[in-house]
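Okay, so chain A shows up in both of these, paired with chain B first and chain C after.
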Partner chain A sequence: MMPPALVPQSRVLTSPWRAMAIAALAISTVLPFVILLLQSFGESWRWPDVLPSGLTGSAWRAVAGGSLGRAAVNSAALGVATAVAAVCVALPVGRSLAQLQGAWRHVAAALVFLPVAAPPIALGAGLQIVTLWLGIASTSVGVWFSHTVPAIGYVSLLFLGVFTSRGTEAEEAARTLGASTWHTWTMVVIPSLRAPITEALAIAFLISWTQVALTLVVGGGALRTLPLEVLTLVRAGQDRPAAVGALLLIVPAIAALAALRLGARRTDALPT
Partner chain B sequence: MLRRVPFPVLLAMLVATPVLFGVAYSALAVLGIAGAGASAVADSDRLFSVLTDRTTWRATGWSLYVAFSSTAIAATAAGAVALLFPTHKRSDRFARSLATLPLPVPHLVAAATALFVLSQSGLLARVLHALGLIDAPANMPALVYDAGGIALILALAWKELPFLAVVAIALRAGIARDLEDAARTLGASPRTVARTVTWPLLWRGLFPAVIATFVFAFGSFESAVLLAPIDPAALPVLTMERFADPLLARRGEAYGLALIALGVAAVAVAAHEVTRARWGSLVR
Partner chain C sequence: MTRAANALSVEGLAVPFATPASLSSTAGPQGLHLISLEVARGERVVLLGPSGEGKTSLLRAIAGLTPVSAGRIQVGDLDVTHMSAESRGTVYLHQTPVLFPHLSVEANVAFPLTIRRVPAAERTRTVHTLLERLHLGELAKRAPHTLSGGQKHRVALARALAAKPNVLLLDEPLSALDPVLRRDVRDAIREAHAESDAGLLLVTHDLDDATSLGDRLAIMLDRTIAQVATAEVLFASPVSVAVMRFVGLHQEFAGVVRDAQSVDTPLGAVPMPRGATASRDALSDPHVSSLSSGQRVVLGIRSDAIRCQSSAPRSSADRRELTNTLTLPSARVLSISHRSGGTTAAVQLSDVVMHALVDPMSLPPIDSLVTVHIDVRGLIVFPE
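Our next item is the complex of A and B:
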């Protein structure tokens, strides 16, 4: 009999059950992507056909000059602007929060978590009034502002974790050697944070890229983003262009995850 | 008093200002002092109307039920992935990758796909028809727009699983191996070790992330608008309907509903921080 200490840890289930679990994971992960692809290329997919009767690329060809293409460009520009603004604000906030200890640290973390946790419709209620006062309601700038708020919350929490784990020894050493605050940030802090800044940019971009409720409440339909376009198409029963839009929404998200994983692999932060 | 508050906490307050402002404005709007149809004198009509309307509590209860069910399914599955596939073997790595792959898929895409698969003329119904189990879409049990919220729960659980799996896998790798080794040396079977040592430690570490996903599921508008029934309505959808209502008094009620949603979120944030503070040190 094998000594207890040498029993492999993974054998909580026997092989057939493990194989079934992997198969179930594979189906639940891959099937939705396959369905979206078939839906986007399906020429006609009438009841009760299990597969489309033919394939066509017409919905994909229509992207470039159509509403989906324009919405994708709007969303991309909005995402980039949101990411840059969120990182510029969240980086010093996260660093500052990391210096806190005890109960204040939890109070500050909870405050920063609020815009992340607040249901978007409820958050939009407050942001709608702020943007009205600022004179940017129902404008692209107003939508950008509304996307930036939860993005700052997310990214501040990310930088709080980063600065908590890395400490400030390098900055203190630079200051001791006579570096100014500007030089400490530009020559020590930011270069050493290239990977977390890239991650933060990707996360903030995705928050904006996938945002629906805030765009609707604050934008009031003034800015057509890709998620709004997809939502409209799905609700209208336009399955083929809706599937194309859904796949367009996934592409940068998958690219961002791949970039994150590439960075994380170097630090063992995520499973491979 | 503000002088006693550390500067970083003031910065955090600044980040939270839009939410705090939303709470203050919603409170004023539901009392009729601010917003559409506001007057100089506060009255409790809108507040009373929201709090005594059965629709409000049905929507809140239904959204809590959906968020709880989807999070429970996702957390159980994430824990199972971390427990069943912990090694560096290729099959375990493959299973972990499969579980975390849909991480960046937006809620909207998950909900749209659920609609394509689970509606009465969706892919599942077509497969059942091909197998001879149903004759027409009407014979397919309603999973979308149904009071049970099956499609919505499944779509949210599918969307939440990758995030919770990432956290669970990272926690599983960090759980003190000496505790598991001690249990095994004392004769515990792998299942007993998993049930009595690994799972309790994993669950405590996972709990803050579970709370976060619960509150995301509770507030998810796009999933609910595509998959939830009209009655009972999901709270985010009901709030949006009230915002767009042509009757000004009903628009004011939207702020009352937003306050309820923010209240749930505030409780979740507090629970998140308390559990992080209490259990965060149990896993390294």
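Our next item is the complex of A and C:
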């Protein structure tokens, strides 16, 4: 009897099953965007038509100067402000956490993670009370504050990992060479953390950019952001502008993804 | 105003090891205690000791990177005990060189000058001089991650010298290096320090590195400085059994004091090691004078003072050499070992085994009988 032919393991893994799995993933990822794109340009698109009856750019033209455009500008400004504030706070927080030892480090890390782990609606309820106390409820500043809290949590954890892996040797070297705390941070720590800081800015921006619950609960409609505008359009059945808004929401996500990839490629810039 | 002769003076220093709570009063048994040490300008002192004795902690405390609980640190004329790391005039180099990854080699070397706002022309001149001195001229524009291990050490040394420190603190710069790189870094340290009047305090585990680099060696045992001396004095006259054991140059035998002239040992009666060398007298006399008949002692014999040979000396020159020699009865050769320090034979005398240098050109056969000669200038005795 002939022995069964040996099939290399790699051939099994690159079988048609693998191709099908990749195709399924691609379709599920790309298809919604293709549909949104068609929807945003389609004149009318009714069941059971496979494609829209005609194409128009009217919804896109309406963005500039319209509510979607204003909301996109609001979201972008809010995202930038959130990202800058979160990174400014999270950098020293992450470094301090990395210097803690034993149980204190776990406790502090858990506290930082709390706003990240808590459901946004629960966090929003808590932050609403805080913003009321501070007198910034239902204001743009209140919304920015509410976005910054979870962003700080995420980004602090990121910097905790960064500082834990790097240690404080570079700072110590700079200090014994005569650098003050200011020089150490501006000439050594921050420049050598360019990649992680880019990543942190991107993540914090996205946290703010995609935020709905906190904007609604704390802002109470005072600040119209892009996600809120898209939500309103979807609920009103205005499919074409809603599709345009949804696509606008995706653009920064793709840009942030590119920034993260770029940052990942630069992470070999560790102290040598 | 005259400059202080010492680059560094440490007096009664205590450094806690564990938690900030132990900073309260004194370091106690968990930390360094009663550390006193001086490093002269331009001098190289090597800190030697077993792992866990706190050599790195001492360096970090001097650099201002670890808090101290008692004592005083003076750099030049200045008491820096409670000053911040950046104000002390000490530069601390980590075991693995820490270069700033976003700066080129020359920008790394220029860093201490940049933060001091040294004018550009002077900065360029100093950096160029240091790079040339450490053979880094061609690497000036390179990024740190493109350098070899030895080159990184050289850049870190050049950068440290650019800061013009009073004291240079090097934490095990030679550990975890292969022999070739080790030699390269050792040369770099010598070259870097040659034209500097900074005091240099360096930690190493290796006795060869220590003797090669240090003007004086400081032995750390039981979390304090046990002895500071030149290699010659340290090897000839360790101040305690612990130092003698750490240095590891002596072979140890139990003994009992017979009288002021001799000690009974398993090797037979050996002369009381007194007045053999001028340098040792001062240190060993207190031990010897405090000994009494019948007292148990530890006898140390420097390994390079023990030789064996197959036949008795023949020439008159040999006899002259034997003036200070104790000749032991015939011993049996158990084995021969070839090491970089010389070829030795393990020999047995009754129930004692000792190691003796042997002429590699005329090795005695295993199991043959040899004569063992001990240079009595290599003897030292301590109360048990």
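FYI, the second predicted complex is superposed on the first by the 251 of 272 C-alpha atoms of A that agree within 3 Å, B and C clash if a C-alpha of one lies under 4 Å from a C-alpha of the other, contacts with A are read in each partner's own complex, and residues count from 1 in each chain.
Following the convention adopted for this analysis, a contact is a pair of C-beta atoms (placed from the backbone, for glycine too) under 8 Å apart; a residue touches a chain by one contact, two chains touch by 3 or more.
Worth saying up front: this structure is predicted, and the values here are computed from it rather than measured.
Asks: Would you mind checking which one, chain B or chain C, touches more residues on chain A?
Replies: Ranking chain B and chain C by residues of chain A touched puts B first.
Asks: According to the stated criteria, A:174 is in contact with first (chain B), second (chain C), both, or neither; which is it?
Replies: second
Asks: For A:47, select first, second, both or neither according to whether it touches chain B, chain C, the two together, or no partner.
Replies: A:47 contacts chain B only, not chain C.
Asks: Quick check for you: in the superposed arrangement, does A:152 touch first (chain B), second (chain C), both or neither?
Replies: The answer is first: A:152 touches chain B but not chain C.
Asks: Is A:28 touching anything from chain B or chain C once the two structures are fitted on A? First, second, both or neither.
Replies: First partner only, chain B.
Asks: Would you check which partner chain A:235 touches, where first means chain B only, second means chain C only, and both and neither mean what they say?
Replies: The first partner, chain B, only.
Asks: Which chain A residues lie in the overlap of the chain B contact set and the chain C contact set?
Replies: Comparing the two interfaces on chain A, one with chain B and one with chain C, the shared residues are 269-272.
Asks: What part of chain C is in contact with chain A in the complex they form?
Replies: The contact residues of chain C facing chain A are 63-65, 84-86, 88, 90-94, 96-102, 111-112, 114-116, 144-145, 147, 152, 159-160, 163, 169.
Asks: Touching chain B in the complex: which residues of chain A?
Replies: It is residues 4-5, 7-13, 18, 21-22, 25-26, 28-29, 31-32, 35-36, 39, 47-50, 89, 92-93, 96-97, 99-100, 104, 106-123, 125-127, 129-130, 149, 152-153, 156, 206, 209-210, 212-213, 216-217, 227, 230-231, 234-235, 239, 242-243, 246, 249-250, 253-254, 256-257, 269-272 of chain A that touch chain B.
Asks: Quick check: in the complex, which residue numbers of chain B touch chain A?
Replies: Residues 6-9, 11-13, 15-16, 18-23, 25-26, 34, 80-81, 83-87, 89, 91-110, 112-113, 115-117, 121, 123, 125-127, 129-130, 137, 158, 166, 169-170, 173, 180-181, 184-191, 193-194, 212, 215-216, 218-219, 221-222, 225-226, 235-236, 239-240, 243, 254-255, 258-259, 261-262, 264-266, 268-270, 272-273, 276-277.
Asks: Mind listing the chain A positions that touch chain C in their complex?
Replies: Touch list, chain A to chain C: 169-170, 172-180, 183, 187-188, 191-192, 194, 268-272.
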